[in-house]
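Pasting in a structure now, in C-alpha cells, and then I'll have a few things to ask.
Order of writing sets the chain letters: A, B, C, D and E. Residues in each chain are counted from 1.
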Amino acid sequence: GDGEGGTITIGVTGPQSGGGALYGENVEAGIRLAIDELNEQGVTIDGEEYTVEMRALDDEYQPNAAATNAQRLVEQDDASVVFVPHAGGIHAAQEINTSRSEFLIGAYSSDRQIVERDNELTFMIPPTFASYSEPFIELFQDQGAERLGLLATASEYGQQWTTMMTQDWEGAGGEVLSNNNFDYGAVSDFASAVASALSEEPDVILVGGPSQTTALVIEEARDQGYEGGFMIMDQAKFEEMELFTDPENLNNSAGPKPVAEFDDPGTDELVERFAEEITEERPLTAETSLNFQAVALVVKAMEVAGTHEDPTAIREALPEAATEVDDVFRVSGFPDVVTDEGLLISDTLEGAHRDSEGNYEYFPVEIE
Amino acid sequence: MLEVRDLCAGYDTVDVLHNVNITAEAGRLTLVLGANGSGKSTLFRTISGLVRGRSGSITFEDKSISKLSSNRIVRAGIAHAPEGRHLFPQLSVEKNLTLGNYARRSSKSELKELLTRVFDLFPILQEKRSQAAGSLSGGQQQMVAIGRALMSDPKLLILDEPSMGLAPMVTEQVLQAVAEVNSEGTGVLLAEQNAQAALGFAHYGYVLAEGRVVLSGAASDLQNDPEVQKAYLGV
Amino acid sequence: MLMQVRGLSKTFGGLHAVEDVSFDIAEGEITAIIGPNGAGKSTLFNLITGFYRPTAGSVTFKAKDITGHPAHRTAQAGVARTFQTTKLFEHSSIAENVLAGCAAGSRSTLIDAVFRTPRHRREEKASMDKTLELLEFTGILEFKDEIAANVPHEVQKRAAVALALATEPELLLLDEPAAGITEDETARFGQLIRQIVARGVTVGLVEHKMSLIMSLADSILVLDQGRRIAWGTPEEVRSDPRVIEAYLGAGSQGSTSQEDGIQERTPGQGA
Amino acid sequence: MKLTFSIRGVGALLVAAALLFAPLILAEQNYLLRVLITGITYAIAVYGLNIILGFTGQLSLAHGGFFGIGVYTMGLLTTDYDWSFWSALLAAIVLTTVVGFLAGLLALRTREAYFAIFTMALGLIIYMVISRWEDVTHAYSGVLGVKLPEDIGPLDFSEPATYYYLLLVFLAAAAYVTYTLRVSNVGRRLLAIRTSEDLASSIGINVGLNKQLAFTASAGFAGLGGALFASAEGFIGPNSSSIDLTFELLMFLLVGGVATVMGPIVGTLLVLMLFEAFQDFQAYRFILLGPVIIALVIYAPQGLIGRLNQLTFYWKRRRAAAQKTAAGAPEQNSPADPHDEKTEVR
Amino acid sequence: MTLFIQQFFNGLSLGGVYCLAAIGLTLVFGVLRIPNLAHGALYMVGAYLTYFFLTSAGVPYILAIALAALVLAGIGIGMERVVFHPLRNAPHTHHMIAAAGAMFFLHSLVQAIWGADFRRMESPITGRVEILGTQVSWQRVTIVITAVVVLIALTWFIKKTVHGQSIEAVEQDRVGASLVGINPNRVSMLTFGLAAALVAVAAGLVAPINLIYPTMGDVIMVKVFAIIILGGLGSIPGAIVGGFTLGLAEAMATTYVSAVAGEVIAFVVLILVLAIRPTGLLTKAVQR
C-alpha cells in the first residue's frame, strides 16, 4: 500500500551511543524490519491507508533522557506508542505517560516491576526473567548440582536475577555461595572475580550480561579449569556467545533458546531478512525478534481499535489483536494472550540446554 | 650584525614601540637605557621572537629574522636572558644550564667548558648545581638565567636587566663578566638600570622614551650628556 | 620593640638557610636587611610571616609570640609583606588588587552581602575610599583600571605596596621593592617608604640598592650564609670589615655616594 | 561603570524575561518545558560548581556525586520514608552540605590536578555507593514515585508550569548569591585565592577556611539542584550521580562562562537545547557536537557570558579612552604573554 | 594459598595493563599537564586499528600493532594541533572539556565506521605457563614484560636524552624553552605522537584478553588517571608503582572482600594516599 491516508509514527528511545549502543541497534532493527513488512502489506485503519514510520532518539540508556525523548516523540512527532528498551527509561516514562502526556509504552525489559505499577498504558514485551528460574533449577538439580556460584553482571537486572535465583535455589534445597557479581561493563579484567568464584568450588554458576562479555567470563572460567555448568541469564544468547568463544566452552549450560531455533511461521524469513537487510556479522537475537513481533502487535491493535492516536484504545485492543497478527510476524514465541497487567504470554516459549556433548535440547518455560 | 629598522611592536591593542631603529655591531656592547615602561623589554622580546613586530624589519647577519620563531632565532645565534627569568623551576640548576646549550648541541667537552665558564662566573651555582632552580634565592636565579643564555655561546647576547636583584658586588662582577664575554667577541645588547656602571663598559648606547629612540651615541658621549646624567646617573 | 626575633633558624635538607638569627624591629623605624644573594633574607621574611615554619627560634610581635603562625594569621595580626618577584593578582585591575587587600580584612560575611546589611554597605564604601586613597598615596591612581600584568614594572611594585598597605599593617616587610627600577624612580620610592613610616607603619626592608638602604635605614641587619654578621646603625655597618668583605666590596664607596640623590632622612629614635 | 552595569543588567533582564514567559510561549511544547525544568535543576548545581571552580579556581569533579546525594535524599525520603517534599529538600541540602564539608577537609589538602582527581575518585565512590547499595538505594532499580512539592495554598505543583516557577525562584536565589559574591568582599577573598594562594594568605586571607566554606556551599547547591531534579523527574536512577553528569555540569559552566553570574543558566540551557537540536543526527550527533564543543572552548574560552562581559568592558574602556585622548591614556588589552595561563574574569 | 598466588598473578597482569595504558597519559598529563580525557578513546581507536590491520588488512599481529601505533601517532599529533594547541594558554579545565569533545567525536566516529558491535581479536600468543602451581597465559606474561620494558625505556628517554628533557622544559616554562631553542610546538606534537603510539601498543596487547567496542576505553581511563595521580604527577616510577599497586589491590579486594570492593578499591586507595600525601607517592622535590 501507499499509505496516502497519512503516517503513523512509532517512537523509539534507546541507547544509540555509549555502552548500550549495540543493544539499542538490535532493538531498532526489529522495529524497522517490522515496519517495512507492515508497509509492504499495507496498514488500514478505519478505512484509511497509512504508512508506518519509525522515529528513534538516543537516550544513552539514561532514564530521564528517555522520558524527555518520549515526551518529545509524542508532542513533536505525534507518536502514540513509544518503545523503551530499558527498565530505568520505562520507569521514568511511566511517570509521565498517563499524566503530563498520553502515550503507550512498549516496554522491552524483563523487570517485572514494570507491570506491577498499574500503569494502564504499558505493555511488557519480553517474558519476565522469573519464568526461567524454575526450569533452570530443576535442570541442574536433577543433574545433582548443589552449590551455586554467583558471577553475573551487577546491573539492576543482574542483581534482580541474582536475588531471585538465590531465593529459589535455596528454596529448592541448594547452597548458594558468595556473591561475586561484578559490573561486566566496568571491569577491565575478569580473571580475579572468576578465580574467586571458582575457589569455592561451585557445581553450577549463574552468569549473564551482554552475550559477548558473558562469553568471555565463561571462557575465563573454563581456562581456569572449571568443568561445572552455567545458568545463563536471558540477556546473553547462545547464538551470539558461540561467535565469541570456542562453543565447547558453553557445554553444560542453560539459557534462552536461540531465536533461529523457534518453529514459528515467520522465523526463517526474519532470520534471512536480518542477515540481508541489517547485518551478517551477528545473528538475529531476541532483542530484534521480540520487538519485531511487538510492533506488528501494536499496529494490529491500531487497526482493531480503529485509531492510531488514542493510546488507551490501542492498549485495550492488544488482546484481540494478538490473535489476528499475520503469520510472518510470529517469530519467537508470539504472545497468545495479553494480560490486564500488560504481560505478553506465549505458551511456546522454551529454554535451551546445551549438554556436555554440545547438543541443544529445549525445554518449556512458563511465563509468569 | 643586528639591524632593527623602523620597528613597531606592541601587545594586542597597545602599541609600545614606534619606528625604533637600533644597530648592534658584532663584538660590541650596545646599551639600551630608558625609564620603566619605555619599551626596552618589548624591544628585546621582539628581537628574540617572543613578540611579533607589527612593521619594520629585523635582520641578523644580513638575514631577516622578523618572521622566525624564537627557537629558530636562538639557533641563528641570539641568546636572550629575559626579564622574569623564565627558568625551569623544577629542574636542577645544572639541567637548566645544559638546556641552555640545547640549540647548540655542543660536544661533551665543549659543554663542560661552557659550564666551567658559568661556574667561574657564579661559583655559588656550582655549589647548588643539583638543587631545583625554583628553590634558589632570587639573585641566584638571576645568575642561572644569565648563565643559561651564555651556555649557547651566542653571537649576540641579549641581557634584560641582568643585575636585577643581584648584590652590589655581584652586579659588578656580572657586568665585568659581560664585558669580558664581549671582549672575547660576543656582541651584547644590554638593558641595565645601573647606567653608571654599564656605560663604563658599553661602546654605544640608545635612550628609549615612550617607545621611541630619543637619543643615541657613543657611550662616552652619553655619559656626558646632561639629560642622561640627570635621568639615569642620578647626578 | 615592635618585633623581636630570637635564634631563628631554618634548614632545607642539609642547608642552613637561616641560622640562629636574632634582631629587633623598633616601632616607627626602618630596619634594613642586607646580605649577599642567598644569604637568607627572603627566607627570614618567609619565617617571620609564616610562609615557612622555623626549625628553631621565636618571633614575637607586639609582645605576642607568633612563631609558626600560619601566614594569614600573621597578616591579620598586622604584619604585611611584599614578595621579591612582585606578586599581584595579575588578571585584575590595579584597583581590584587593592580592593582585595581591603576585602581580606573585612568582617562582613556572605550573609551580610546577600541581605545588603548596613555593615556591608558601610564596608563597601570604606573599601572603595581606602582603595582610592592608597592609590593616590602610592602615586598610581591613574593606573587604577589597568590590568596589573600590563602596567610597567615600577607601577607593579607600587601596587604591591598599596595592596599590602590595604591590610592596615603595623609592620610592612618589603622584599627588594626597588629591584629593576631606575635610579630616579628608586629615589622616589625612597620617599614613598618614608611616607609610609610617617603614616605610622614600621618598615622592614630587604634591598640591594645601597643608596636606598643607607639613606633610609635606622638600623641594618646583615646576613651572610644564613648567619647574622652585623647589626647596627648604617654607620656601624658600613665600616664593619666583615660586611665590606662579604657584601659591600671594595667599591662600596661608589654606591653610597649616590645617596645625594635622596633627601636627608629624618632621624629615627635609635635602634 | 554605570554603563557596563546597565548593559549587563539589560542582558540579565532579557534572560530573566525569557525564563519567566517560557511556559506561556511553550504552551504546546511540554517537552521543551521539561527540558527547561531539568535544565534549571542542573543550572542550580552548576551555580554550585561555579563557586568552587569560578571563585577559588579548584576543579571539583565530585559534583555529579553531590548532585546524586541530593537526588537520592529527596528520592528515598519521600518514598521509602514518606517524608514531605519540603522536609526532604531541607534534609538533602543539609546532608550534601555536611558531606561536602567532610570531603573538603581531606580534598582541600590537595591542589590543582590532585584536587581534581581526588574529587573525581570521591564522585565515583558516591556513584558506586548509590549504584550498589541495594538495600538502601535500590541500586539500578531506581526509585519510583518521588514526591512533588505539596500544594501551598492555591499552588498546585503537579502542574508543570507551577513547578517550573518554583524552580525559577531557587534559580534566581542561586544567581543572586553568585552576583553578591562577585561584588562583595567575600567574593574578592575567594577570587584572590584563585589567582594566588600565597599572595592571598600574605594579605591575611585564611585560604584553607575560605576554600572549605566555598567547597561546602558549592556542594550544598549541587545537592539542592539534585533534590529538585529528583522531584521533577519522579523516577531516579544511579545515572544521576555519575561522573558523566559531572562533566556535563562542567561543560555547561565553561560554555556559559566561569565566575560569571549568568553563565551557569545560559550555558546549561544553551547546551541542553543544542543537544536536543542535534538529536536528529541520532548516534552520530557527536561527530558534529564533539567539534562544536571543542570550538566553543577554543573560541570563547571565557564562555559566552564571559566573552560578552569582556566586550562590554572593552567598549567602556574605548569610550573612556576616547574621552581623554588628549591625555593619551594607555589602553587596556588582554595579556599577550604566552605564559599567561588564566583567562580574565569579570 | 594457590588462590592467593593465582590472584597475585592476575593482579600483576592487570597492573601491567594499567601501566601500559598509563604511560601515554603520564607524558601528556604528567609532563605536559594536559589532562587528556580522550586518552581512553585513543586507546579504543588503537584497539580498532590493530583489529583492522589484523583482520581486514591481514597483516601479522606484531606488524598490525606497529601500524596501528603509527596511525594513532598521527591521530595524536592531529589532536594536539587541532584541539590542544589553540588552548595552550587556557586553564586545564578547558583542556578537559575539549578532550571530552574529542572523546565523544571518536566514539561516534568509530561507531560510524565499525558499528557498535563487540569484536574479539585473536592473538597468536597462545597457551599458558605454569608458575608456582597456577596457570598464567602467555599473553598476560607478555603484557607484564612489555610494560616493564617500555617503562624503563621511557624513564631513560625522559631523563637522559636531550629530547626527553625538552619535554620537561616545555612543561615548566614554554617561554624559557623557546628561548633555549626548543620548539614547543614540535615537542608537544612529539609527546602526543609518542603517547598515542604507546597507548596503541597497550591496546593491541590488551585487546585479545578483552573485547573491542566503542566505549572500551572509558573504564580504563578513569583508573589510569587515578594511577598517575597516585604515583605522583609526571613521575614514571610513580606510574609503575601506582599501576601495579592498583592492579594487585583490585585482585585482592575482589578475592578477599567482594567484587564491589574490587571495583571501588582503586578510588579508595587514591583517596587514602592523597589524604596522607597530598602530592602522591613519588613526587618531585619542588612543587610549583
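Structure notes:
Throughout what follows, a contact is a pair of C-beta atoms (placed from the backbone, for glycine too) under 8 Å apart; a residue touches a chain by one contact, two chains touch by 3 or more.
A quick map from chain label to UniProt name: B, C = ABC transporter ATP-binding protein; D, E = Branched-chain amino acid ABC transporter permease.
Please read these numbers as outputs of a predicted model, since none were measured by experiment.
Counting hops only between chains that touch, chain A reaches chain D in a minimum of 1. Comparing the CA-atom centres of all chains against that of chain B, the greatest distance is found for A. Chain C and chain E have Cα centroids lying 48 Å from one another.
In terms of their C-alpha centroids, the spacing between chain A and chain C amounts to 75 Å.
Chain geometry summary: the mean Cα position of chain B and that of chain C are 29 Å apart.
Note: centroid distance chain A to chain E, computed from Cα atoms, is 36 Å. Annotation for chain B: residues 11, 14, 50, 86, 135 touch two or more other chains.
In chain E, the residues touching two or more other chains are 107-108, 111, 116, 173, 175, 260, 263. Of all residues in chain C, those touching 2 or more other chains are 150, listed in ascending order. Those residues of chain E that touch chain A in the shared complex are 3, 6-7, 10-11, 13-14, 17-18, 107-108, 111, 115-118, 120, 128, 135, 137, 206, 209-211, 213-215, 218-220, 223, 250-251, 254-255, 258-260, 262-263. Interface residues of chain D, counted against chain E in their complex, comprise 53, 59, 106, 109-114, 116-118, 120-122, 124-125, 128, 132, 243, 247, 250-251, 254, 258, 283-287, 289-294, 297-298, 301, 337-343.
Interface residues of chain C facing chain D in the complex, by the touch rule stated above, are 49, 51, 70-73, 75-76, 80-81, 83, 87-92, 96, 99-106, 108-110, 112-114, 120, 123-124, 127, 142, 145-147, 149-150, 163-164, 166-167. By the touch criterion stated above, chain E contacts chain B in their complex at residues 162, 165-166, 168-169, 172-173, 175-184, 284-286, 288. Only residues 28-31, 34-35, 38, 132, 134, 139-142, 144-145, 158, 160, 229, 233-237, 239-240, 276, 279, 282-283, 285-286 of chain D touch chain A when the two sit together in their complex.
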